[in-house]
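Dropping the structures in below, format is structure tokens.
Each of the next two complexes has chain A plus one more chain, namely chain B in the first and chain C in the second.
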Partner chain A sequence: MVQILDTIGACKYTHGGRLHRALGDSEMAAKKAAKKAKDDLRVVLDNDGKVLKGATVPEISDDELLKIFDTLLMVRIVDDRMMRLQRQGQLGFYMKSLGEEASHLSVFPLRKSDWVLPSYREQGAWFWAGYTIDDFINQLFGNAEDPIKGRQMPVHHSANWLNYVSISSPVGTQIPQAVGVAMGMKIKGTDEVAMTFFGEGTSSTGEFHVAMTFAGVSKAPVVFVCRNNGWAISVPQAKQNAAESFAAKAVGYGMPGVRVDGNDVLAVIQVAREAVERARNGEGPTLIEAVTYRREGHSSSDDPSVYRAASEPEEWAEKDPIKRLRGYLKERGIYSEQLEAEISERHNAAITRAYERAQSLGAPDISTLFEDVYEEPPWHLEEQRNYLMEQERTRNPHHHN
Partner chain B sequence: MTTMNIIQAVNNALHIEMERDSSVVVLGEDVGKFGGVFRATSGLYDAFGGDRVIDTPLAESGIIGAAIGMALYGLRPVPEIQFADFIFPAFDQIVNELAKFRYRSGGQYPCPVVIRTPYGGGIRGGHYHSQSPEALFVHTAGLKVVIPSNPRDAKGLLLACLRQKDPVLFMEPKRIYRASKGEVPEEDYEIPLGVANVVKEGSDCTAVAYGAMVPVVEEAAKKADAEGISVEVIDLRTLLPFDIETVVESVKKTGRAVVVHEAPKTCGYGAELASSIYERALEYLEAPIGRVTGFDIPFPFSLEHEYMPNADRTLGAIRKTLEW
Partner chain C sequence: MSFEFHLPDLAEGMTEAEIVSWKVQVGDAVSMDQPLVEVMSDKATVEIPSPREGTISALNYKEGETCEVGAVLFVIDEGQASVSASNGAGAAVVAEQAPVVAAAKPAPAPTAPVTAPAVAAPAASNPVSATGKVLATPATRRLARELGVDIRTVHGSGKRGRVTSDDVRAAGSGAPAAAAAVPAAAVSRPPVSIPSAGGETRIPFRGMRKMISDNMVRSVQTAAHFTYVEEVDVTELVELRGRAKQRGAERGVNVTYLPFIMKAVVAALKKWPALNAALDESTQEFVHKHYYHLGIAAQGPNGLMVTVVRDADKLSIFDTAAEVQRLGQAVQDGTATRDQLSGSTFTISSLGKLGGVLATPIINFPEVGIMGVHKIEQKPAIRNGEIVPRYLMNLSISLDHRLVDGWDGAMFLQEVKTLLEDPTLMFMEMV
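Here is the complex of A and B:
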């Protein structure tokens, strides 16, 4: 029973139909709040990709639309392939984004000089910015060509050439850091913007609240993108939030909070554009709640069948972001099955190539273990490195590195 | 040369560096117009404005988190944590983030934040205004930890910290913030990190300390002299990476060592120092290394002077190494 109530709670904003049952006063209030929140949801496309009546379509060129489609497809294909590798025992760990890909395109309005402080489930943002499949897969393998030298477990990317900041596992730490980057931008007098991503569960951390206060007070040019995917591992969103919505929290920090259909890439871009422009114009931060759904497990180590009904992700498949964008492209007359097949083929081939190379490469050299702790290794690290290298030489006398 | 206390020396270093390098930004609680509760940032707000001397909301994890962001972006933030006792809300940001950014990003993201924080007891501050948590940070790969004991060092060390590219915890001995006065060059100078200072040469026993314990050890050494015991006093200045050579050379000469700190004994910094000495100079030692430390209890209020190491306890430990 508890499980069922949780499931209803978890879906209260987005599964209105399931609430038609005898509810107590508090649940009635929750229902009312949910309805209001639902009314506030920014949407452009319906579930088939048709433009909703009265909705404004953001200005996006055909080329850009196709590139967006390409990126979303790429995420889905990469996710599928990487999870299969994980299941085959080729890869230690992976995290998919199935159903959430559109929310990654919040980065669409950013310029090259802007900064992104991501969480661990925004592959699309990375690919959009130009992070290559080789870098991506090399990082997953932690091999000799991993951009971060095998220093972190899979999905903890870092790309300073893109101004994409190193990912951390403890959730929320990136949020005050993003505010700091934005404060720096303001101090330097640039018109750059910082964007940070986190999940709805992370909004429960102290870091979220602290960062929101710092941003509100400093009016730093930062955009907070809360991917509300319904679940923080096994805990439903209703257990992370008692307010009307996650976006509703913004008012307490003196900034606008916007709810957007996170499965509608056009709405995501529209809302992100407004927030980025506000930041760029010196009008301060915005909290965006991208309402979406994590259709698979939290990670390769998770098993959602233990804590939620299988029907839930199935219902959300109806709102699939790629399906909706595909429908829109068709309406716009720029879609063909052949085009999609070509894109898929290209990505699949690139993944195969990158994977084959990645798995053929060994781990980074042992001597690198002591690099980058400090700018220069102090004596105690030199001493420890020499010890380890000596051990290696004794163990493997033919290894001359 | 001008006579300064430690607060004035820190303030002077910040003035010099903010003047020299426009990327230096000071942030923290009350650091702006008020100039900090200990006045260490006094005058900076008027000189450099509110953009570079920022009164932040009252949240340490936000102060350090924001400082990290600024450093990633290319600024040189100098956050102040009002008391070292208040640093723990920012522990995750310091230990898991600040200290690890360079490493975990494969060298892509250096994070040169210099955190200033007053530490230590003897000011009737009770548990939450007296602690010495340096060992927790020395145990953190990726951080440097620096503790000056006098105004001249405070200025030179802080300037050196602000000109290297690793994160530093710069702990200021608040018990002697004003009491420690001395001649400080007015010009710009650096004291290199990782280099200890032999405060007083001696031949019978080496006493190693840092921060507010240095004058305590000096007093003990003076008393020892009167008893005919010659103590070499080493002020470590940098706790990580520390000057192992100076310490070991001294112990090889004297054959005895005492380490002194006000933090609790178990797993305190003295344990590391003693081990390092044993590893390198066991055959030179005439006696076990003495440890004079705070006790393994929460920092007390009414009986803080019973808690704090003093010259007599230090002298006792020195004598013990000679009597062994």
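Here is the complex of A and C:
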């Protein structure tokens, strides 16, 4: 059984003594390291949602637990509905999170004033922060009510009112940005924290290493959440990492690295809380490796059956995060099937409403092309805008603008 | 009201997709989100769920055809039928599909035991991905269609067995590499047309069935088949096997008669090497093989397949039994690898208890011979002038008369018979 270790103890991979090891021991050491990495996995719930012996349950109220459950279900329902819309030709692109939903709740300990620099597979983080199903679906449609006015491809949300920075397709750009945001807050002397998400494949980019160096050196209040879901599109995690784990990389940058069962929402929250607290207290950054698994394709354009065995996702279904939380809620006596049915019904109805409205709306008004970059539009943009609107009027005299 | 479904760009830059399979037929009631069709682009194979509730009024492309993005793939009539369809749809569709599914399974015709070997050759020349799809780009698929080449029968020379345009061209021009291409005679003859007469179910003749067909035709049109049948008294073998079965059960191995027959065949092949051979037509050489990979016909979920027990001469009876069991399971599970389905040097076709009295097996080309094993039955026999009950079994062997004569076949089968009738002798032959 996995042993639950004290956070800081588990975090520290810095053991100077290792340098004195005889060379002949290196193989043994590698084995030990691999075992240690495995033993260091932080887990609270077993696969059925029972609290593991010796594990400490993080303090979370019943209301919060139910809200967490609601959010995880919401992600799953939204994902399912959206992928079907994509297949029906209603959406250009979609990315599901099946199996990874719990890792999204790393944002649980954040305050409204903290910052999130996400990757592209954290729907639950957005919903938790208050991004609505309407916001979400309007963005996918790029319609007149899309919060970012059709300027990004589907799934690339952005919500400045939530301090959620725009998702960008090139992987890893958000990591140095998160460090920059955090360094800025440190300089300003606030106690706000930046959290950034990325996949294990992204840890192979230069951005990751640059960001880790700056964060370590500056002791920036930033939390790195590496969602290790096993696959970088078709590249297995073993081809992205030669260290004992992804978390182990933290050692080289002078910060703690923690591995957590990314399918155990309680463990995810516990570890995230500790990391956010460290950051807020001025103790610097933490690298969290949430060990999880992407049970479906990378995106609507991907076909995982060509690069991995069908049995792999089936095995991971055993560790399903919703199943585990459901089990825990039952143990705690706050779950009922009726409750789950009500939650599902509510989200499904909200999706249907949002979808019907989203597809009835037209594209954002053409004049919005000139907005949002400058607070006061400069003369050349004004000129271009007036010219374009004149053209539009000539082309379509009934157009109201 | 009719809803026309235009094929969308499902995978960032997709321009066309091949229809892999329809899950519904014209006239079927469909419900919202019910899977309708599986399409394959160069990036992914995806299922399209129904965007409407109603009745399918048109499927514009056949399986195997390519639909361009933007073209109308299917039409759903959202008329009154759809109202009642909402609840009954699922059941109605299942009911209508059932006969098709049943009929699509190759019928266990009386000739079943003899058709067994046909599949070994395509398995050898037809690389498929983990999901069983031939790997090829849409451009290559189009070329194959234009040249009238069945891409499933083309040997892929590219990475991971990908079929390249050159492979297709080679297959189309009948180059030696395209051994599995449709025989010329089958192509030059005008196709037989069966006019629709109602009361029929039409199943696309493709995939596994088509491969079996192509290879049967090639074998029959190339090898000069003759068949020879012998009766074997297996009374002692029945007794021996009874004991072996018990011992095998202790080890978790199901010992059938097949491993004994295989050992007898290997011993006989060693004595008559011309039967463990093949003709290399390109060099005009008769290749006698000193390795003994026995092909064993097995009924797979999509038709007959030949699994291959490699180096059967080096395996014990228990090992052989375990290997046959393992390969049979792999075929049932659809996890058999190319290695397990190709490279046999001589094939045995057996349907166990259904084994019939005699057959004219078709050679697993380019091998020289195939042996059909028939059922064991207790029958009256005359021994020393007395009528006594004995366990008897027939063996049918088909050989390629281009390469061997009746005498070779008779001598070979005589050897097999001798060993099976006195199985203790078989152990003298074992390694």
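Basically, the second predicted complex is superposed on the first by the 335 of 401 C-alpha atoms of A that agree within 3 Å, B and C clash if a C-alpha of one lies under 4 Å from a C-alpha of the other, contacts with A are read in each partner's own complex, and residues count from 1 in each chain.
Rule of thumb we're sticking to: contacts are C-beta pairs under 8 Å (C-beta built on N, C-alpha and C of every residue); 3 or more make two chains touch, one makes a residue touch a chain.
Please read all numbers here as calculations on a predicted model, not as lab measurements.
Peer 1: Given the touch rule stated above, what does A:302 touch, chain B (first), chain C (second), both, or neither?
Peer 2: second
Peer 1: Looking at the overlay, does A:149 come into contact with chain B only (first), chain C only (second), both, or neither?
Peer 2: first
Peer 1: Counting only touches as set out at the top, which of chain B and chain C does A:286 meet: first, second, both, neither?
Peer 2: A:286 sits against neither chain B nor chain C.
Peer 1: When the two structures are laid over each other on chain A, which of chain B and chain C touches more residues of chain A?
Peer 2: B
Peer 1: Looking at the overlay, does A:158 come into contact with chain B only (first), chain C only (second), both, or neither?
Peer 2: In the superposition, A:158 contacts chain B only.
Peer 1: Looking at the overlay, does A:103 come into contact with chain B only (first), chain C only (second), both, or neither?
Peer 2: neither
Peer 1: Would you check which partner chain A:202 touches, where first means chain B only, second means chain C only, and both and neither mean what they say?
Peer 2: In the superposed model, A:202 contacts neither chain B nor chain C.
Peer 1: In the complex formed with chain B, which residues of chain A make contact?
Peer 2: So the residues of chain A in touch with chain B come to 115, 117, 146-149, 151-152, 156, 158-160, 165-166, 168, 170, 173, 175-188, 194, 206-207, 210-211, 213-214, 217-218, 371-375, 378-380.
Peer 1: So in the complex, the part of chain A that touches chain C is made up of which residues?
Peer 2: The contact residues of chain A facing chain C are 84, 86-90, 92-93, 297, 300-303, 305-306, 309.
Peer 1: Over in the complex, which chain C residues touch chain A? Could you list them?
Peer 2: 5-12, 33, 43-51, 129-131
Peer 1: Please output the residues of chain B touching chain A within their complex, sorted ascending.
Peer 2: Of all residues in chain B, those touching chain A are 25, 51-52, 54, 56-57, 59, 61-62, 64-75, 77, 89, 92-93, 96-97, 101-110, 141-142, 144, 164-166, 194, 240-241, 244.
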